[in-house]
Amino acid sequence: MFSVTVRDHMMIAHSLRGEVFGPAQQLHGATYVVDATFRRPELDPDGIVVDIGRATSELKSVLGLFTYRNLDDDPAFSGMNTTTETLARVIAEHLADRIHAGALGENARGLTSISVTLHESHVASASYERDL
Amino acid sequence: MFSVTVRDHMMIAHSLRGEVFGPAQQLHGATYVVDATFRRPELDPDGIVVDIGRATSELKSVLGLFTYRNLDDDPAFSGMNTTTETLARVIAEHLADRIHAGALGENARGLTSISVTLHESHVASASYERDL
Amino acid sequence: MFSVTVRDHMMIAHSLRGEVFGPAQQLHGATYVVDATFRRPELDPDGIVVDIGRATSELKSVLGLFTYRNLDDDPAFSGMNTTTETLARVIAEHLADRIHAGALGENARGLTSISVTLHESHVASASYERDL
Amino acid sequence: MFSVTVRDHMMIAHSLRGEVFGPAQQLHGATYVVDATFRRPELDPDGIVVDIGRATSELKSVLGLFTYRNLDDDPAFSGMNTTTETLARVIAEHLADRIHAGALGENARGLTSISVTLHESHVASASYERDL
Amino acid sequence: MFSVTVRDHMMIAHSLRGEVFGPAQQLHGATYVVDATFRRPELDPDGIVVDIGRATSELKSVLGLFTYRNLDDDPAFSGMNTTTETLARVIAEHLADRIHAGALGENARGLTSISVTLHESHVASASYERDL
Amino acid sequence: MFSVTVRDHMMIAHSLRGEVFGPAQQLHGATYVVDATFRRPELDPDGIVVDIGRATSELKSVLGLFTYRNLDDDPAFSGMNTTTETLARVIAEHLADRIHAGALGENARGLTSISVTLHESHVASASYERDL
């Protein structure tokens, strides 16, 4: 199995609902350093998993939907806790949609799974992995 | 599949028995930077894999059993080489026991596997992964 | 010259005023991974720059004034841009006050300077350094 | 499942053929920080996955085949794009051959899979994983 | 004293002349992860050392002069060893020229020094620092 | 001012004397990831601060005096606390002696200062800097 990982980041404000979140129930924020990993069992005709340049620019474009925003005001997250885990899944879904739509090129249709990891600090991160 | 990872560290002395260990047969020591990863296929009702605060404090509590100690003097390791691999398994077993005992909350019973990675330097690490 | 550095983090929301900040004029947030460095020309009688345990707990206490908050609502920052640079200075001032008040121990009065670095992502950071 | 990871690096020149590579079609170069991971379900009689010393020296020996070279001039890569993904596979194949030849010791025959990750910068990496 | 640091990278081929360089006399290459640090004693009227966005884009523009190239073919380096140290100085000179030309904004004229660090691997780096 | 930094590590056991050290008064251990930095105002005739290969091998040789040992048994540290700060100074003194003795080459006599940083975990480090 082959994989390629690219990294970017986003900076958002949000609050979380539920006693389990303690002080994170208050409006606060986070930098998420985001790793997106693309996997496939065999390389494409160019000898790559995915075009790193395109993967990087699509990841930046997806993160651009959220960065420099207060996620509490985003209707897409209405009624949903924007936990690190949930954001990892949302970003992965956006990337999957773009792969299926051909935004990473025709050869990227050979990708079989992706995962997205959000590092919220030097001591905590969350990931979501799904098949394509 | 979702996962959450938290990080802490411990500082121990020990020696290893067996020619394969070369100079590490002498009493020496290590800082282990420890990553504990918790996995489950679906998020709990709060939208999380596990309470990061509780996961962090249980990891610290488990590492507290070993840190600032000479593992050669610990009866729990009698007759056993305290290799990085073995310590990863021992820490994972302690975390699994605590999950089963409810120390990470009722919702944490939905966890399906954990892994523990010990970074012994900037160039070497060992991991152990098990189902719950 | 000797130094000791300890690391912790805080997660805050804020917005910045001024065209130069572009989209960061919107309410957003950041994780700041914070390094506090303490310096002195000679070690104290225990052979240390500062008690790492105490330095770590004072840094955590200072970051506790800000973490999980929206800095736009904090009167301490009224009329002030909470840029990464400014936050580095504010944290350094708090640490300096605590050193002068004896919170890091009598021997810590031998410290001659401190610096504080805030990493706002994997690609940007800001620092402030001052004499004591 | 247990694993051990060791790290080293190599510094090479090369060029890539194909429009998808854009400016990387020109002769340029890269430092690859290389992580080699060895896995097995149970530890060997010494309580290890593999001798970290031997694993480190075999990895260095494999990287020595490529480092400080222009890969465009290496007949082993003739007609092949030396992408990060391909180099990860080539290094993994060399390590697998050495494991099978006994270079990591008799006990290393219990290894069941290996993976190799090449970090080409702070924001991009590629991996290859295979069974043994 | 305040500072701001931004990070980017470049990937180049080159060879070095002189016995001291051993196998690096052959054509090979490197990824340089580049940190550019900007310093000034007081913040500008916006409360910053320098516009991080502009600093990042000027650094990218300077690295764009070299990345994906064989430095042995660049007349700018004719008769000069493109050591990591030398490249750190060359990049710092380019940044200094751009600061003096106003490319980082009028307020950036208050900067008093810059330094540039090139990380050539996980175990080696070189820096150059100069006044403005 | 130019500098070059090289990294290696050592793994030692020790105990510390003094109430300030709390549980670190017990025999325990540490991995120290060690950065040695060499500085000079102008490059040598080869265009370098110091031969990175030689600097790396001298650092490894100095760390070889301590690694895989219990520092409590080393007469060189008798009556002295082997704090991270003290070890940074001791390693720096050894490197300075070797520079003065010509072990890093004749050109290394142009070095004007060195510093040594010991990272004892992902959240704490200590440094010592001195002129040559």
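Assorted remarks:
Just so it is clear, A, B, C, D, E and F label the chains in written order, and each chain counts residues from 1 on its own.
Definition applied: a residue touches a chain if its C-beta (ideal position, glycine included) is under 8 Å from a C-beta of that chain, and two chains touch if they have at least 3 such contacts.
Being a predicted model, the structure only gives us computed values, none of them experimental.
The minimal number of chain-to-chain contact steps leading from chain A to chain E is 2.
Separation of chain D from chain E in touch steps, taking the shortest path, is 1. Of the two chain pairs considered here, B-F and A-B, the higher C-beta contact count falls to B-F. Although chain A and chain D share one sequence, what matters here is the overlap of their interface residues, and that overlap falls short of half of the numbers used. Distance from the chain A centre to the chain C centre is 30 Å, each centre being the mean of its Cα atoms.
Among all residues of chain E, those that touch two or more other chains are 7, 122-123. Within the complex formed with chain E, the residues of chain F that make contact are 1-8, 43, 46-49, 51-53, 56, 105.
Those residues of chain C that touch chain E in the complex are listed here as 18, 20-22, 80-81, 83-86, 88-89, 122-130. Chain contact summary for the complex, chain A toward chain C: residues 7, 9, 11-14, 23-24, 26-33, 67-70, 120-123.
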